[in-house]
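Handing you a structure now.
Each chain carries a letter (A, B, C and D) given by its place in the written order, and its residues are counted from 1.
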Amino acid sequence: MSVVLSPGSVEDAVAMLAEHAEAMPLAGGATLVAMRNAGLVEPTHLINLDCIAELRGIERDTTGGIRIGAMTRHCDTAACNDLTGSLLVLRRAAGMIANRVVRNMGTMGGSVANADPAADYLPALACCDAVLEVAGPEGRRKISIHDYVQGWYETALEQGEIITAITLPAPVAAPSAYRKIARVTGDYATASCAMALDPDGKGLRAAIGACGPGPLRDRDAEAVLRGRLDDPEAVLDFAACLAALADPLDDVRGSAEYRLRLIPRLITSVLSEIALQTEVA
Amino acid sequence: MSLVQPDPVFVGGSVGKSIAKPDNLEKVQGRAEYIADLYRPGMLHGAILASPHAHARIRGYDLTEALNAPGVVAIVTGDDVGDGRMGAFIKDEHAIARGKVLYVGEPVAAVAARTEQEARHACRLIKVDYEELPAVLSPEEGLADGAPVLHERLADYIKVFDAGSAGNLCSRTELSEGDVESAWADCDVIVEGEYTTQAQAHVSMEPCGALADVDANGRVTLWSANQSVFRVQANVCESLSLPMSKLRCLTPRVGAGFGNKMEAHIQPITVALALKAKRPVKLIMTREEDFEMVRARHPFRVRMKTGAKADGTLVARECEVLVDCGAFADDSPGVMGYSLLMCGGPYRIPNLKASGRLVYTNKLRFGAFRGFGNPQVLFAGEQQIDEIGDRLGLDPFAIRRKNMLREGDQWFVGPRIGSNGLALCLDAVEKAAKGPRADGSPRNFGLAVTAHISGLLGTGAIVRMLEDGTISLNTGATDIGQGSDTVLAQICAEELKMPFDQVAVASPDTDGSPYNWGTTASRVTYTTGRAVRAAAKQVVDQAMSHAAEMLECPIDDLELREGGRIGRRGANTDVTFAQISGRAHWAVGGPLVGSQTLVYDEPTHDPKRAIALGLPFPRIGVFSFAALGVDVDVDDTSGQVTVQEVWSAADVGRAINPRLVEVQLHGGFVQGLGYALYEEMVWDGARLANPSLMDYKVPTSRDVPDAIHTFIIEDPDPSGPFGAKGAGEIGLNAAAGAIANAVAKATGARHSHLPLTGERVLAGMLDSGTSSERSA
Amino acid sequence: MKIEGNFEVDHPRAEVWDKIRDPQVMGGCIPGCDSVEQVDDTSYRVKVSVKVGPIKAHFNLSVEVLEEDPPHTIVSRTSGEEGTRSSVVNSDNVVRLAETGTGGTRVDYIADVSVTGRLGKFGLGIFRKKADQLAEQFVVNFRDRLGVAQ
Amino acid sequence: MSKKILHSLNLNGEEVEVATPAGATLLETMREDLRILSAKRGCNQGVCGACTVLIDGKPVRACLTLTARCEGHAVQTMEGMGGDRVMATLQRHMVESGGVQCGFCTSGILISARELLEEDPAPSRAAVKTALSGNICRCTGYRTIVDAVCSAAEELAQ
């Protein structure tokens, strides 16, 4: 059984994590408590981040950028009216996590810290060029989402560090979308795709989820594709670049072969979905 | 405080009315008590240590550390349970692993401690010395020369039928009528294929559990989640070598079964713990244990060949199945035998041959699951019917109508068919599903038909008229949530012409209830209903005798009137059941009790017609029929199938409670949808790789069609109570077959492997050219 | 779960064989290996720690060399359990050494691994990826140990 | 190892003191220490929904919620819904529609549905299915449950 400690500040939380070797930070609990119940983790201490005001809430900064406190629940992200246009993809991803009840519990910080390759936030955040704010024994720092995932369930977070917030550039008026292929509603992704169109409609940003340890994003290929969105060959070439980055699992949700096959199919179908949004708009 | 008004009182005429189940009220208020909700004074909690090996000899145990762990009171291992063995068809299973372990997850030891946490902790301190043995992980491996043998003493085990067991062959069954070999020459079209189906987990929302208590004389009382207190009693007593009189089995509310709770799960272990601890012990499985330790639907390999004349008349079918039994026989011989009886479908096929082999493997036992072998062979058979129709230009309805069995025909190997509403089922589905979708787009329609028996084995009912003229009904049938208590009370009330709410249903109790084989095989309404009606009739007859004396007239002049009264025909005077029962209790003749037991005894096999070897069920039952239509969409990106609309028509003889029949059809279809599209237990070597609801997915509310249209067809069966036949399984059987036929329509590709995952369907679309690869 | 792979080094087969049969060299190359203890000519006790995300496991393993055909083939069996006995690992391993045309050595390995118990409930695919990752790390470490070919 | 910690909870409108093992989940505390039994352990991983309760009016999984975290929040279970008119209406429609079979999932389903009607008093069938997608029912196929929630909402709107 684990002792629950409830620090009131980020500094206290970091100190507690440093003090107890087998302590783990507890965000929403949706994953960590489930793992503990199954005996997969056995923390001596759980550092409850629920009482730290700094970790809550979604704010806009002076430049229009958005800061999402790490303890923001999925339900609040899914309902956040500030996440529009190019950031709508994040809102949509939040709304597809698990189910309504779990979305009342799980937090963005917890999900990102767990770095499950099949979870929904990472591809959406990669598509949004998010930056993570973290705090640890060595102080505070920022990590680009593109440098964050370093292996299977391995991240740039150092021992004792916690995520305090996720920051996003100011939204621009351009359509974005998230599509997840999953066996049933609420399952983790077999494969997913987050995509946002450039404001001028000539290029896109896209990230593929669940096809490698972290989201797949290829900014060079995006540059090559720019201006050629209506050329099906160019789009497939772009998808091939993302597929080349993939290192998919063979698991109960699908084979590696199926996941590779899905990458170009997701890119083309999400692109046409976005194009439709543009026409409607 | 009662928030919800009691159900409207129906006076007489209970049968055919959708009376709400009385247990619904406590369930919506969160007050229903399931096994995990029971507590006893001084009660301990149990936990189980599972085998990490697929096949190993147990050389010994070191319990020292575990016994000294905090809170631990008793530990049970194979050394504590004697040499008794249980099993429905072949007695091959100890209460807990003894001598050997035969699958990963098999219970090896169990601990009783003050708390569940302490019991689980102590389990991890038990040391078991194993000598690993080579394992058998598939039926093919099991049949290979030189394969490791799971049950060295198989020849000595008690078997209730001619199983033909040898080596790892648990049983074999061979059935045939006509002359298949020479019939192929008469066929103008022949289709042939090999099909595989996967293991499906029951996923009753309530995991299995049990609570045992021992009285001062050493007699045990056992509550458990079950589908039959009598099978629990038999299994516990056989495996622990207890006289049956020393064990009383009871049941709280049961959170569904689907076959999972029919034979034993952890009841024998719980009893062994309570006997050793001399205190009450409650053992509740985790979801993971429920996946790994109980049972599942059998994976089948089916080779099937069907031939027809150019006009569509079916001529011959041959079906050969290879069935993974898992480590213990459980209900497997029955499942395989039944699947072979069903492999011809509800068709006239003059030349039919079926054979099967059931092979022990070092995996979780497979056993009874709603459908009982029927969905597996139907997936093959109903696709072949469509393929023949396609080849001959006959639509799916036409080819089925042309060949379907009629009333009075004989089913494969012999049973005579009573009522048969299949034609009406087909009509209902065809009429309702005709034409395009509401938006004008064409349907991707798939059809399958099925039949299923209701019957099998012993049952009974005791109807007692209480002193005030109300009724106590005691049948021993466990209501697992499907509503059999309600249905049986309706039958009883109807026969007695009493208000439904004046019939109380006693909870099953091996001390007081008449024997009931179990809530399985779609049988309770049909078999137990017959007993209930007959027992109620006895009470009516007894009441008539009293009334004749009280009204001083011949019995023949009397009539039973609504509301529990007997009067003289043509006269207003009557006597009430209260008056009659009062007289019987206090003055004349003794209290009114009707009691009826019966066993289904129509033979399955007609030796003049067919050859049958190794038939596990010599007497099966009467036949229900159904037709199922589905309309599907296939996503071009992922290949994933979505069922848009469903038409499910079932001939249940007479719907005693139409709403409950409908819900059986809804629930059965959705469980079948999961089976058809994504549910699959996956093994990585010997290890079950997805024993959790995180990894094993069942349909959610968003994954099922809103438009499930049900059509209850009533072609009364002469032997059924008020004409009723079973409805529990028939809604599931045809789901995978109908969906596969619809997917073939939508994608141009036939599938021979279940489940029809997006991955498989997409591959089929790429092969058939209905979709193209999107690659640079 | 089968883990298969191969790699080539510039070193002659006899040298590679010696290193592979040296428990201290092997211990230093196995990622997460805390200690190696030789019990007799053909058996060893090994302690290994593995981490997958938040999940940590410490295994006590015994390695038994079942067949040896120097300098070609080595067949071994690894078995063991977590300290708390809640997971059990078994692995049948075959390593084959072949001479390349250029004086180097090609190493082929196959391991058939099973994990049951606590960790066995974890997703199927991630194990393989983790194992592949460990194998890659092993190759890097092994090359380091061999040093630059003479 | 079974050292217990004292927590004060607001449970079904009452202040309750309970001693429960350190790090216990709300589900464990309710069932083992308080005998509040309407929330069921169906999976203990937050998937099945049988343990769904309300905290500050929002449905959450009791199996994933630590008791220590519930201090200062209002926990409601089916046992505490006796005076709730909306719940009574939902219950009645569930009883009548056939939405109750084995009943193991029923409390969790009704709690999810209760909160939905708070948010959206006139939900579409699709909205009901979305709201209930975190509550698995293996018996009914969901159809009669969705019927019950929709007809209860209609009645309440009158």
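The rule is short, and it goes like this: a residue touches a chain if its C-beta (ideal position, glycine included) is under 8 Å from a C-beta of that chain, and two chains touch if they have at least 3 such contacts.
Every value quoted in this text rests on a predicted model; they were computed, and no experiment measured them.
Chain centres here are means of the Cα atoms, and by that rule the chain farthest away from chain B is C.
Here B is the chain whose Cα centre lies closest to the centre of all protein Cα atoms. Note on interfaces B-C and A-D: more C-beta pairs are in contact across A-D. Annotation: 48 Å between the Cα-based centres of chain B and chain C.
Centres computed as Cα averages put chain B at a distance of 30 Å from chain D. Each chain gets one centre point, the mean of its Cα atoms, and the points for chain A and chain B are 43 Å apart. Taken residue by residue, chain A touches two or more other chains at 1, 34, 38, 99, 185-186, 252, whereas all remaining positions touch fewer. Shared contact sites, meaning residues of chain C that touch two or more other chains, fall at 86, 121, 123-124. Residue positions 117, 288, 682, 689-690, 692, 694-695, 698, 700, 702 of chain B are each in touch with at least two other chains.
Chain-to-chain contact here is organised irregularly, matching neither a line nor a ring nor a star, and falling short of all pairs touching.
Applying the touch definition to every pair of chains gives A-B, A-C, A-D, B-C, B-D.
In the complex of the two chains, the chain C residues touching chain B come out as 1, 79, 81, 84-88, 90, 112, 114-117, 120-121, 123-124.
Listing the residues of chain D that touch chain B in their complex gives 1-2, 21, 31-32, 35, 37-45, 47-48, 50, 77-79, 82, 87-88, 90-92, 94-96, 98, 100-107, 110, 125, 128-130, 132-146.
Only residues 52-56, 86, 118-119, 121-126, 128-130, 133 of chain C touch chain A when the two sit together in their complex.
Those residues of chain B whose C-beta lies close enough to touch chain D in the complex are 1, 3-5, 7, 18, 20-21, 23-34, 36-37, 39, 70-71, 114-118, 121, 202-207, 253-256, 258, 284, 286-287, 480-483, 659-660, 662-663, 666-671, 692-694, 698, 700-702, 704, 706, 708. Considering their complex, residues 117, 288, 636-638, 640, 678, 680, 682, 689-690, 692, 694-700, 702-703, 757-759, 762, 773-776 of chain B touch chain A.
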